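Which chain is which? They are A, B, C and D, in the order written, and residues in each are numbered from 1.
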Amino acid sequence: MRNVGIDIGGTKIAGGVVAEDGTILEQRRVPTPIDPSALADAVADMVAELTAVHDVRAVGVAAAGFIDASRSVILHAPNIDWREEPLRAELEARIGRPVTLENDANAAGWGEFRFGAGRGVRDMVMITLGTGVGGAVIIDGELLLGGNGTAAELGHIRFERGGRPCGCGQRGCLEQYASGRALQREAADIAASGGAGAGLAAARTSEGIVPAAAMARLIAEGDPGAIEAVHRVATALGEGCGAFQAVLDPQLFVIGGGVADLGERLLQPLRSAYATAVPGYGEHAVASFAIATLGNDAGLIGVADLAGSRAR
Amino acid sequence: MRNVGIDIGGTKIAGGVVAEDGTILEQRRVPTPIDPSALADAVADMVAELTAVHDVRAVGVAAAGFIDASRSVILHAPNIDWREEPLRAELEARIGRPVTLENDANAAGWGEFRFGAGRGVRDMVMITLGTGVGGAVIIDGELLLGGNGTAAELGHIRFERGGRPCGCGQRGCLEQYASGRALQREAADIAASGGAGAGLAAARTSEGIVPAAAMARLIAEGDPGAIEAVHRVATALGEGCGAFQAVLDPQLFVIGGGVADLGERLLQPLRSAYATAVPGYGEHAVASFAIATLGNDAGLIGVADLAGSRAR
Amino acid sequence: MRNVGIDIGGTKIAGGVVAEDGTILEQRRVPTPIDPSALADAVADMVAELTAVHDVRAVGVAAAGFIDASRSVILHAPNIDWREEPLRAELEARIGRPVTLENDANAAGWGEFRFGAGRGVRDMVMITLGTGVGGAVIIDGELLLGGNGTAAELGHIRFERGGRPCGCGQRGCLEQYASGRALQREAADIAASGGAGAGLAAARTSEGIVPAAAMARLIAEGDPGAIEAVHRVATALGEGCGAFQAVLDPQLFVIGGGVADLGERLLQPLRSAYATAVPGYGEHAVASFAIATLGNDAGLIGVADLAGSRAR
Amino acid sequence: MRNVGIDIGGTKIAGGVVAEDGTILEQRRVPTPIDPSALADAVADMVAELTAVHDVRAVGVAAAGFIDASRSVILHAPNIDWREEPLRAELEARIGRPVTLENDANAAGWGEFRFGAGRGVRDMVMITLGTGVGGAVIIDGELLLGGNGTAAELGHIRFERGGRPCGCGQRGCLEQYASGRALQREAADIAASGGAGAGLAAARTSEGIVPAAAMARLIAEGDPGAIEAVHRVATALGEGCGAFQAVLDPQLFVIGGGVADLGERLLQPLRSAYATAVPGYGEHAVASFAIATLGNDAGLIGVADLAGSRAR
């Protein structure tokens, strides 16, 4: 049976019809409207188009933000400025089919678990390194939602006591040390320090940003400043994964998002740092690490599959 | 249906027949033998005595240490010097009934979840503050075991980067800052610092230890050094609970073990520290805190109930 | 008996027919194709041309990267983006002769050992200072491969605790302090520091690089900044050689690669630093130092000879 | 065929007849004479007694110190104050059988490789943590002697630039950070620091030494100062093993000597530190770690077996 997945991002809405094996049969994209009700219309229109030619069981919608335990209400979606939005009921009325909401990081984690890097494991943690950090936890084949629907906020465990302030209101959150934005920050700090930062300094734009492509080139060239930046981010993430290991004991960590394109350049120092943060390292089995395989489609595919399974 | 629970501690073995409502119908205690095979004999004898007069479905055995994912083999029990001990098969052969093994912290957590402070919630974290830290996690009504059987090592998330070394081989583990031993250490440090530590210094034995009774007295008297020590431990634990909140989103934290006898003296600074470590604190529902209610019987009761449910 | 040696570099493939005394009888060069299968074609074509007119026993292929213990599979060749490439079987099928693979640094070391600076010794270490560091170890006349095929990673012993990050995922590796790239980095640091760095600063390009020719000129002129840069690199390498002495006790160190063109300018401070890092220096015989003599042909010659000896 | 092994220690000479399977058939012990010629007499007498009743092929003698490449001359044995001692010829004349000399650390390493923790591997490194550090390297089933007979001085690679002075004349040698004496030093430093060092301070003798038994008890009790001391030593050793991995690529590290009695308490932090010092950790196979199994007999057994194989 086919399902529709909709992934609401900060700049565009992506939607697709997803088969039971995770294949995308048809896909659409529109810009994300700024107005919330226009956004609901855009989602409904996209679902209408996709269901006109495909026989679809259920509709899943992924969005950034906190979602309540019943997967009905968006408690707070910072990027879209939603609060306590009963989106599920509104969409079900317009669409005439069961709708499920899910956090975008959970959707992507479920996609990788079912059809990507996580196939075949039962206990998995996915960490999506975009601008910030998205987390998803699979326990014994089930997505961890939490008692209030807000589990797997993996970017917000404390990495450094009294450390950098975070948008979540606390200090020292892992996200401030291990994310796309953190990589930019480390690159900027190193560029400013002179010496080894000359390559980064030369690649900086007038806004003080080192574009991802330039960063990738510098890393491939072995530029010491760029490698230092990656090492710092990977070390923070590896230590964080040690904490997730202690609490959750997954079989596999899947790393996704734009920063994961660094591949082994990221995973090597990450694994070393992880080994310094797992209790009793070497005494019992621990988790493996893999790069995500579904790319930007993970959320769309995952939320479609979740919708299908919740509609059963 | 009744079940037997056995709790193997460092100094004594406690066993009991437990009714379906968690009531202990009959209880025994013997010293823990040093020799592993004498220990298995002692457990088998105790079970034989308890089952002579009670109709029992299953037997649960709780012990400190890592237990494999099938709850059959003790991978490593430092206190009893067991490694790769296939205790379940050995006990089943001697006892003639289904046996289940469980980590003592998990057993206590399950006991509190089913019959103690955690009744009525679905998602709970229990932290047992003895000499070290024991952790148990209940997710949607199920005990979290982990992909390799070693989840919920809650005392071993990193609290301080590059901090105090831990018996687990790493540095800065929460257990080194929030446990009975950590409370002793903080008391010793404060005593050594003079000033506010005068009360603690006077109460110290020649081995440099402040006995628990003296500690309790000093706290009741409002001794500034003793209160400082409790505050440090509570702060560390509260920050750790912030991390567990971010990852697991429980409805309730239950605090047990000897240090939990401090009650609100512990919980008050703990909740404040927790509020500084939960992402988006105040924006969505978070967990409550409660002191455990079953005391030392939690493990025995919990493992009996687990044995019954696994034998079904 | 003659053998063919092929040296796959980042920009060109060099191949030659090598006599039993190490003489190159005929040589070819083509650009390195970007596509891996085109690369295998290019190697096979070059071998076909070379064997059309020479009677050849075996074919050796040298490439940068990790090679498995059986010298059959390239585990990871970063420059060519190969992973788990069963190149030996593929080439043997195309070429119809026994093929052996070898790491380029090992091939060059073997070449120098058999026909270059290392003739006549039994225990030798070769260090190739190109952009990075290549290492090869000869023990009692045999090339050291290691239990997993990855021995002699001499650029990756730790030189400085907590030091500069390395592309290998660790920190403080010798390669970050003693290599062509390290020489560039030291030159840039010295140029930025003003004073003695004026000569280097003037020679820098707009990308912040001091070209090798300018560097050589400045050294010949006795420019204090350029000499300081060489001294730093030589010191790091000498200290590293002290560690190799303690572990391996070679009779001879051979220094090759582009940086070795500095000759005694490099070896003099290197030997002094070595004397500060050898246990019991002056109490027992230690190793000598020599500059490599085969230049860029060392790898081609070495791998041809290795192929011949392995085919026996 | 049987062989005699003699292990000359600082305080006693141990000798034994060793069967081909490594079993000790008969054993003797006498105090080590201070005078060198009395020592040779004592060895000859012990061999005479042991060979009176056993049919013996060859005699191996193990002693601390540098031994020349032909295994004939003790170049320098600090504990016995020997220099350029042609001990082999002298003993062969007295004993009338082929004699081989070997460094005690090499002998112990060979013993473990043939009959202890290293059975079944081809490439192994043994590190003996006594007062100092002894090293032995097995490559492809052969003991590494080095070009001048002084290889495997594993305690003398540099751990810290500009660090603690070493008896070998250099600074920062690994032995100053990872050995029995280093453990004592760390314990003394921590005791002196107050606070967490109270347990160590209380256990110190009037000479400022924490006896091994007291150290073991404190570690078992989780004393924070004692655990800190072990962690420091294990970290240094783990980083050192990363360097040995990069150079030698062994399949197995065997840790012996008195400090190895700490078992997993030592190996856990050691493995974590090792993971931060191996190039490309996680990308290719690396070594395992094991505690030695032959105890104090390793040297005697190993040197007997070496003597037998060299006499063949």
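In this section, contacts are C-beta pairs under 8 Å (C-beta built on N, C-alpha and C of every residue); 3 or more make two chains touch, one makes a residue touch a chain.
These numbers were taken from a predicted model, which means no experiment stands behind them.
Novice: Of the pairs A-D, A-B or A-C, which one shares over half of its contact pairs with C-D?
Specialist: Answer for C-D: the repeating interface is A-B.
Novice: Chain B to chain D: how many Å between their CA centres?
Specialist: 42
Novice: From the mean C-alpha coordinate of chain B to that of chain C, what's the distance rounded to whole Å?
Specialist: Centres of chain B and chain C (C-alpha means) sit 56 Å apart.
Novice: Averaging only over C-alpha atoms, locate the centres of chain A and chain B and give their separation in whole Å.
Specialist: Spacing between the chain centres: roughly 34 Å.
Novice: Two-or-more-chain contact residues of chain C, please, as numbers and ranges.
Specialist: 76, 166, 168-171, in rising order.
Novice: Does the chain-touch network form a line, ring, star, complete graph or other?
Specialist: Basically it's none of the tidy shapes, so other.
Novice: Give every touching pair of chains, nothing left out.
Specialist: A-B, A-C, A-D, B-D, C-D
Novice: Can you list the chain C residues touching chain A in their complex?
Specialist: Against chain A, the touching part of chain C is residues 76, 131-132, 164-171, 176, 181, 185, 188-189, 192, 207-208.
Novice: Which residues of chain A touch chain C in the complex?
Specialist: Touch list, chain A to chain C: 194-196, 198-199, 202, 222, 224, 227-228, 230-232, 234, 264-265, 268-269, 271-272.
Novice: In the complex formed with chain D, which residues of chain C make contact?
Specialist: Going through chain C, the ones touching chain D are 66, 75-76, 121-123, 135, 137, 139-140, 142, 144-154, 156-161, 166, 168-171, 173, 239, 242-244, 246-252, 276-287.
Novice: Quick check: in the complex, which residue numbers of chain D touch chain A?
Specialist: 264, 267-268, 271-276, 278, 280-283, 289
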